[in-house]
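Step one of this worksheet: look at the structure below.
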């Protein structure tokens, strides 16, 4: 029942993502059929640089929908139910999450917030409490099973599990949804845990498809100023005048 | 810090919902403009019965999208974070939820599962544990504030709050999304808490717009058989043969 | 078979929209239950000004989701199929459109682009062509009916109808989707016809819910600069430096 | 300016689609982390048959969301604007369509409905009309350019283009959206053109991921009866009793 740590794996992404985004953009303005151009794209007849330049130009003009054709699928562990409750509020995405109704949590792991980890007194209090939770979960599961609740015992016992309880989730988002996710969650004002997740996801996206994700991140990185206003800004960029 | 109970209030819904659904359906098949028909609809020139009959006929033929034009907004309290985590997985909807980052939870209320409430030993264990949670939350919040975490103390302390912790949420869904929600969540296989919520929401919808919601509910109510299969059926309807 | 003109009617909107948006925002930050506050809101105990100020403050800080709880339903006529094909690309919305498969188009009306209307030679050519379309539609429908195609004759004959052919559509969008729609379609770079529609819809929204729609419109109106870049800007606002 | 014919190319799909769907399903019920299982899946340690059996079992129990993690991207040509206007009504999808504002249509191709092709008189009338359209388009474009409308001439001239005018579009849908698309559009009641597209897309999906798409198609194929009712059924399956 130890504290856990964030782990993000990129399970899959749409193959040839730059070529696909390029082809989708081209179809909008081009008299021919991109399926005819596709084999030449895969054969490298149009250079990656040229594709990237075209894509960057159209995106910067505000036409972003073609990046939706490319999706990324991540497997995430070492995150809390507090995080996933926030995460699944992003509606243009697909989720498959470990179920507390079906998976036994008798020896659940938990997320330890850094601010608590840094203060020995807080950390001790937190760890002491997590042991109390595990006791309560096991006790309740036992009592419920003894009283004939069968496989539903987990379903009721889990009401004692903390927001901190570790969960695992598979997440698929397309590039446009990812841009939106990063705008909100890479911001210094985002809650620390989901921000750490967003930063890791962005790093994986940048590694895989740098030509598209170069401008992704908190809103300020793209705008050059902070839209959160003077009261809330982290100070990295000057706030927008109003 | 007592156990709480489910409360659902219908804050708002699209006015003249039957007439609006009727008008939207008519626009699909009608040569004229429904805005010209609208004042006559509001004046009652086409009877409610006739509108209902037309709407029921088109819905039963599989053309359901016009019911999307009508939305319902509910305010919900007395539900757990376990419930809202399931609820917000319904993506064609809008949510505004009480934030554990901003609202102090020192004397949080909690949901008591009926199966636990029925067993005195389980109930005592559960209540004892909830008092431990409140202690842990307050202790951690104190320590964090003492150590300069300020308004962020709540954000970290809430990691100890249980899935059972009460939350409040405002939910808007259109009728089509509500039909889908009821199909899944009014089923006897749905988890008890979200099923209780779905039943209350359905009762409010039926009271407000009976002509449309008469066929809403668990899938079996409409199909006349149970699509969950022989292994999972509750027995109310015979399972589908396969 | 004359040229038609744009008509937009606001059929319905969520009642008490400012109070509902205010209540949804308050639920996020408030320890109590907004359903308890709701009767007092309806009774005017919190002034419209105070509600508007609160709502404007939260929106400007970037928290906009609560405006989704309010929806507007418009009936639109005098628009072309070219327009509705663009319109229905806005996916967070509900549509009920007049069907060319079911509604006879023998004497269809059509949209006359202003640039064509302004040039007598172009206008004459356009009108001459529209008469040719009507002839072709009727001829084909006759031939198909004579050859036993029955009610499907309309379905095939409509292939000759022009993009200009008038259509009617019922559209529901929530406020957040409307903001997005206006950002793109009230811009001077938008195509003239959908821009005219967007301008009319915005005027109706502003009349109904001025407190929320005061900042809606093309992106530049909110930003104070033009994000389309030096090459595409209409010049109303200075382009963003890059 | 000849009649065109439908062409559908599968540009891309999520790699290892069966393994990904299997992994996402497993994450819901499994105590471990699917990222740890992933290399073993790719190495073939769990047979395709076993994966398929597990996936089929969970889908048939009504739990379908994990198939959303896999997307397919098609390039489509030889279809009419009538078709794409229907197609883009499917909102859980991404589209990049050839623009009539930017692409010159002076020698546009067009879709010829089979019912018209089969009747020589109808075919001749149709072809005669298409030549009239091309004349009108070129005349109007010329007049508008002569009168200083510049690159906007295409934008206005296209109002004369018929619903039959060929367009090209890149479409991405996830498997769950594809199932829904096939349910509606592979039905004998669907309009012939979009049904032909749906049939081709389904054939490509079945070839690529047979384990998942085996049960996809018109609703009747899965239900074993026709839900369209006695009045509308094509007769392939008996209508549902009501």
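Per-chain numbering from 1; labels A, B, C and D assigned in written order.
We take it that contacts are C-beta pairs under 8 Å (C-beta built on N, C-alpha and C of every residue); 3 or more make two chains touch, one makes a residue touch a chain.
All of these numbers come straight from a predicted model, not from anything done at the bench.
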item: Chains touching both subunit B and subunit C; value: A, D
item: Of A-B and A-C, pair with higher C-beta contact tally; value: A-B
item: Most distant chain from subunit B by Cα centroid; value: D
item: Chain centre separation in whole Å, for subunit C relative to subunit A (CA means); value: 33
item: Centre-of-Cα separation between subunit B and subunit A, whole angstrom; value: 26
item: In subunit C, residues with contacts to at least two other chains; value: 95
item: Complex interface listing, subunit B residues touching subunit C; value: 7, 9, 11-16, 20, 23-25, 27-31, 33-35, 38, 65-66, 68-69, 71, 73, 75, 77, 94-99, 102-104, 168-170, 172, 174
item: Interface residues, subunit A side, partner subunit C - complex; value: 60-62, 227-229, 232, 242
item: Subunit D to subunit C touching residues, read off their complex; value: 80-82, 84-85, 88-89, 91-92, 95, 100-101, 110-111, 113, 115-116, 119, 121-122, 125-126, 128-129, 132-133, 136, 139-140, 143-144, 147, 149, 152, 155-156, 158-165, 191
